[in-house]
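A single structure is presented below for examination.
Labels for the chains are A, B, C and D, by order of writing; each one numbers its residues from 1.
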Amino acid sequence: MVDIEPLLRDLVVANRILANENVVDAYGHVSVRNPNNPDRYYLSCSRSPELVQRSDIMEFELDGTPVDGDSRNPYLERFIHGATYELNPDVNAVVHSHAEEVLPFTITSQPLLPVIHSAGLMGPKPPVWDIADRFGDTTLLVVNMDQGRDLAEALVSRRIVLMRGHGFAATGRNLSEVVRVSVMLPRNAKILTTALQFGGLKPLSEGEVALRQDMDPDHKAFYRAWEYWATRAGCADMLD
Amino acid sequence: MVDIEPLLRDLVVANRILANENVVDAYGHVSVRNPNNPDRYYLSCSRSPELVQRSDIMEFELDGTPVDGDSRNPYLERFIHGATYELNPDVNAVVHSHAEEVLPFTITSQPLLPVIHSAGLMGPKPPVWDIADRFGDTTLLVVNMDQGRDLAEALVSRRIVLMRGHGFAATGRNLSEVVRVSVMLPRNAKILTTALQFGGLKPLSEGEVALRQDMDPDHKAFYRAWEYWATRAGCADMLD
Amino acid sequence: MVDIEPLLRDLVVANRILANENVVDAYGHVSVRNPNNPDRYYLSCSRSPELVQRSDIMEFELDGTPVDGDSRNPYLERFIHGATYELNPDVNAVVHSHAEEVLPFTITSQPLLPVIHSAGLMGPKPPVWDIADRFGDTTLLVVNMDQGRDLAEALVSRRIVLMRGHGFAATGRNLSEVVRVSVMLPRNAKILTTALQFGGLKPLSEGEVALRQDMDPDHKAFYRAWEYWATRAGCADMLD
Amino acid sequence: MVDIEPLLRDLVVANRILANENVVDAYGHVSVRNPNNPDRYYLSCSRSPELVQRSDIMEFELDGTPVDGDSRNPYLERFIHGATYELNPDVNAVVHSHAEEVLPFTITSQPLLPVIHSAGLMGPKPPVWDIADRFGDTTLLVVNMDQGRDLAEALVSRRIVLMRGHGFAATGRNLSEVVRVSVMLPRNAKILTTALQFGGLKPLSEGEVALRQDMDPDHKAFYRAWEYWATRAGCADMLD
């Protein structure tokens, strides 16, 4: 049995990093799969990521049922997480975000191409999932497993799926990876937005993207970013 | 009789949230209708929202007359509030803002369409009210009831009206709702501005907008945003 | 004789406001005319506005000579100030700024039109002064009275002149006015930049601009902004 | 022998300034040549610039070998620094940055022209170096001396080279100069990006650029910026 406390502490840090780097705000969330029971995952109760503490973390079955009858108010959209874990066995961490820089690419025909090396991890060209295609008019929220599974299918073998008028979902082999791709995606979007005003756009090549996606998610160079982001988010005392 | 103090404390929090989320700055204001006397409303004296305290709150008749001969310096544009309450019986809170992201849509022919789910509350396509249409050359300030009523007519059955070269006015069924739509409107404007550089824009559908507008303004999911915004604005100790 | 200390305290506050509102950064400066001797003005020694304190204030003759042989290092570009006071008797305060939002309008053929009511004070269409027109290749810095006077001529009867590739100079009847127009000019520039992406631009009318320029610079509504900006800049204890 | 401690303290300050002015973030770095041994340079171990302290500074041979067998984890891309010192004897300080405002100019055909006087130091038209031209598909990181030398050749007689999809490298005759050009380059990029939306662009003339590049890097006017940036970065106590 893996000791779960260091992982849950990292989950709190991930919440704070995503908030501090403007990836999430009042809404958005991050979860991690239970390494001792892959049919369960950890996710905060309904609280904005910047405010999440260890005591806010709940455990859920993949179908979104709180474990042990925990009666706290859960996120309405927790189904994004459970359905993604269900369909993607090697995904161990999930983020859902409304990042402003990404949203224009969810409501237009412009693909969100990877253009900067640090965002190569996002993959070649994330698809846009439109909840209306199968579910018609909704509040756009993903509020049940049917909707969650429809979204999660678009995430098979991918790190990123865009959600029309709503945001994106991201996957990682570990928490550090999903945080990294979630921080870099909006930056890539912002840079691409500016570049599209000019001519002669040169995105990353397929080979470059593949080399970035193949990097070891535990490569020590990535710890530099985690240490930096955590410190900026006021979590220096929660680092190893 | 409703105890008015919790409401006035929330009015102070609303001032601070709007300032901290960059919806208002030196100028702009937020008011709430008196639940014990619908012909009166509460609004700060002339002070920037970030600095407003409980002791700054004044009470006004709908025509803008301070109650009980309160002689403090009131906002010049308080008529926006009184006229809106007069014409819209189910409106209980009003915001006036100069948010920069919204202003381009008040001085051009580009409609400010709802494109992100969290801004659906704004409604399908806010009109632009131009003070010059009826009042000719002015400082653009709304400084009497005639001007206030002309503006307020554009707010009947609407959450938002844009004001040419000036900003916007927003209504809510309660304070939380008017703050939410006022925070989300500039974000929607910013995202739409970027999306308009690309092709194939897909705004929210009429049905999606209606479903967002129909959400219960007291839905518990909205408290998450209020808690977060208030905490960021330094008002954690003023939450329930 | 006017007591000069309250004015110099306000000059320090003006430095801090302009820095905190991103109108000036490492460079840029603000001066005030000596009310007891209109042939002299007060300006900090060479220090970034955010760091300026009462003890940094120097007094200068209009030609840029420090009074009383003060040997501290002065700003290279103080001639902008002296020449403007020399040519414009009713100007009592001057700002020089490199604000980023304004710079694009100094290097292109796009006029910086007033489009938001709070920037009407800037006047109808500020000219762009190009140092190269009379002085050829330079570092673009205004480093003597010849250059200062050439610039100052463009400021006669105006609140704003743009400087090609460099920034702007602004005038006020008092410190509050020059700070206000300097804060509002970049905001107007930013909003106009976005609006120019859309069609059907509607700037302020000539009559609206004139009404804003005619407002009493001591109108009590303006104190609200000064109080707010000063408080945000950490100068609450320097207010009256 | 020059006392090295004041220089290393300035190197720490340079790290903090670049982080605080958003030139570097989790990644990016700054080095200084050893004045007592021009075949060596100082650079932090692998840590984000905002967190760098005196004790993090390592010394390297030009080929990237740590001096005295220092076994701490070095930056993967230190070869950018060594190769630049090797090929450019009058360069004494080097920065590598991923600044967002600059990146669009590295992935399109739009040249990054100098348009504001304070960025004239960057030179007339920085070339874009594409690692793929000689090295094919890579992670885009500069991880050996072959790649470093290929990049450094583009820096001969230049202050700036852009790196496709990655960022830029900058050189200075001293730390203050390389920090200054690195802070100003992104600002110039941002202003140019906006200006390119308008017509009639007027960049700095060749003569103006030459005059700015010829300015004494120790000119006392430049200390004003260093003092300001250092103070903002929390390093006031590390100033002389």
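The rule is short, and it goes like this: contacts are C-beta pairs under 8 Å (C-beta built on N, C-alpha and C of every residue); 3 or more make two chains touch, one makes a residue touch a chain.
Quick caveat: nothing in here was measured; it's all calculated off a predicted structure.
Asks: Expressed in ° and rounded to a multiple of 5, what is the rotation angle of the C-alpha superposition of chain C on chain D?
Replies: Result for this pair is 90 degrees.
Asks: Regarding the chain A and chain D pair, does the interface count as same (over half of residue numbers shared) or different (under half shared)?
Replies: different
Asks: Using CA atom averages as chain centres, what separation in Å is found between chain A and chain B?
Replies: Whole-Å distance between the two chain centres: 33.
Asks: Check each residue of chain D and list the ones that touch at least two other chains.
Replies: 197
Asks: So in the complex, the part of chain B that touches chain A is made up of which residues?
Replies: Answer in residue numbers: 115-118, 120, 187, 190-191, 194-195, 197-205, 207-208, 210-212, 215, 220-221, 224-225, 227-229, 231-232.
Asks: Which of the residues in chain B come into contact with chain C in the complex?
Replies: For chain B paired with chain C, touching residues are 25-27, 46-48, 50-51, 73, 76, 98, 100-101, 103-105, 107-110, 132, 136-141, 164-166, 193, 196-197.
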